[in-house]
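Here's a structure for you.
Each chain gets a letter, A, B and C, in the order it is written, and its residues are counted from 1.
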């Protein structure tokens, strides 16, 4: 999960850290969870391209939603032309 | 036009600490999908830097050079020159700043970088106020909007100036390519990014990127609102290319401005006659453009 | 042995930049600096120098561009003066905080208002705490040689700190003297190419100038301080090595001019030191044991070296060409702090001189030494801060 310094000599010269290593799973911010109804999904990829968190993955027949970084904003459900995504309150 | 099916699955931006439903993040993610790994990103002080570049939450997977608020275009200039002398001119240098960082504090530097004809892509994600500092008005805050420095009170009611026209400012530089676009239109927006990348010389994209927290809207409505801005004719999709200003999306039956205004908390105070005034202005603009 | 040319301090800096093989120059015009970048432009136009010159629209942009260019691993230079330096202030901190070894020539010019283009040190001293190494020179020759030394020290992996070389407006910038211009091969032996460990690389995507929480910020500042402090010894080494390879050196970080047995010593920075050395010589001829400590390196402050130069004096005077309003000259404060840190208390006085280009003559300097002899006799100074050459004081 990226670079965590443990002593002074671990520090880079100036704050320069390897990118692409988010450590906090922002999924725990979520109140509503997007749930996909695969039967309704036409794989148009609009939810995929609009998702700010890049948590929707392309699939062969339908998209797949992952939850580690999903903040539950609901854009995917709002934009889905076939209403294939439902926002369900987290238990 | 770009097809969504052809766009890479590679994610160069993920795990940001931005608010849920952030339009700015959508704009940056889409841009990086087009530009790819061979890109250097410049971010100044602002929401994107604060949410994508704070250790240990390193959300950007291309080289990112952060800089001071006025310095996005000038940092871009330094990178372009540095990469040139290092024989790495194939790398795309991308500057991304908000409306304040671009149209206010960064405008002089942007004018310089554009005028010098340097080869870069610059994206201004416009959420129409200084959102990272809590929503103060910028020169891109539209008429009628509430912000924390244009609060609605007894003596002064709301933002009383229209938006600064960034695209025409760039056109006045005779820039090789500039576009005004919206995150609600991913194909058009990403096509602009692709064009910007292919342009030899400076290319600037002004993209509407709603901010749920600052606009007083539901997180799920970010894209819908951006689309409404286009469909009501408030946000004109346009390009400046080869010395010509061109409207890129003509809306046949424009939706009422009221639909857009009423959907946002930042206009909650606005009386109907003001909305009618705005409608009139929009109608007059489109009449003049046709 | 290279060639000899009759050139001014600005030209000399430009030659230094060329010999150092700087790859990026980003600069904005301001008097009296402009000749440096004009000369560099000519070198580039003539094909004598292989560099990109970004003709920016402001000093703020100049420093932003230098910061960014240095992030690509390019050897980077800029030059400015006075108001221009102040306009760079924000980006100077990005450059130092992110450990980019940019080199900048600041041609010392007073700050407005009142409007002026003449010499004093208020500009560079005002940026003292921006995390830049500051070195002051006395002659055009020293300006050329020191410009090259700047890159050597700045780029050292233990230092990685930007350097400002300060040269006095007009007295140095516009006055011609005979200057030895070293051979490129000599300089290439002295100054290896710049190869930083942390730079823009698409195969190793770093977030440069990342944000940190309070749990890490202070450690970055601490390492910055460590890097700065290492520059003291490394500059002495660089000056010695330069002397071995090119045949000239400048006494390291503090030039000790007849201080060893001196009773009265003045501390100076910049071009004034030449006049002061003449005054020391003539005083010595008359039997006064006078000395001069020429401070080259101002930040990091060479407290041990300055203490060594001053420790046996009976009275010291510190000549400041700037003023920390509401207190005294900053060099005076720093010299006193260095003595205190070494358990040493010598009576001393601060001379504020030459603000906004007022001439500082040999007579003025002679009066300062007289004052020091008076202090030596009385064992204490009556007044800690004295303005020299003031037309009216009440």
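In this text, contacts are C-beta pairs under 8 Å (C-beta built on N, C-alpha and C of every residue); 3 or more make two chains touch, one makes a residue touch a chain.
As the structure is a prediction and not an experimental result, all values here were calculated from the model.
If each chain is drawn as a node and touching chains are joined, the picture has every node linked to every other. When the interfaces A-C and B-C are ranked by C-beta pairs in contact, the top one is B-C.
Put simply, the C-alpha centre of subunit A and that of subunit B have 22 angstrom between them.
If you average the Cα atoms of subunit A and of subunit C, the two centres end up 52 Å apart. In terms of their C-alpha centroids, the spacing between subunit B and subunit C amounts to 43 Å. Among all residues of subunit A, those that touch two or more other chains are 15, 17-20. For subunit C, the set of residues that touch two or more other chains comprises 204-212, 216. Counting only residues that touch two or more partner chains, subunit B has 55, 58, 60-64.
The residues of subunit A lying in touch with subunit B in their complex are 1-2, 4, 15, 17-24, 26, 29, 44-46, 48-50, 52-55, 57-58, 69, 71-75, 77-79, 87.
Taken in their complex, subunit A has these residues touching subunit C: 5, 8, 11-20.
The touching residues of subunit B, counted against subunit A in their complex, run 4-5, 7, 9, 11-18, 20-23, 25-26, 29-30, 55-64, 183, 186, 212, 218-224. For subunit B in complex with subunit C, the touching residues are 37-40, 42, 49-50, 53-55, 58, 60-68, 70-71, 73-79, 81-86, 88, 91, 108-109, 111-112, 115-116.
If you check the complex, the residues on subunit C that touch subunit B are 23-24, 26, 51-52, 54-58, 60-62, 64-74, 76, 90-91, 94, 200-202, 204-213, 216.
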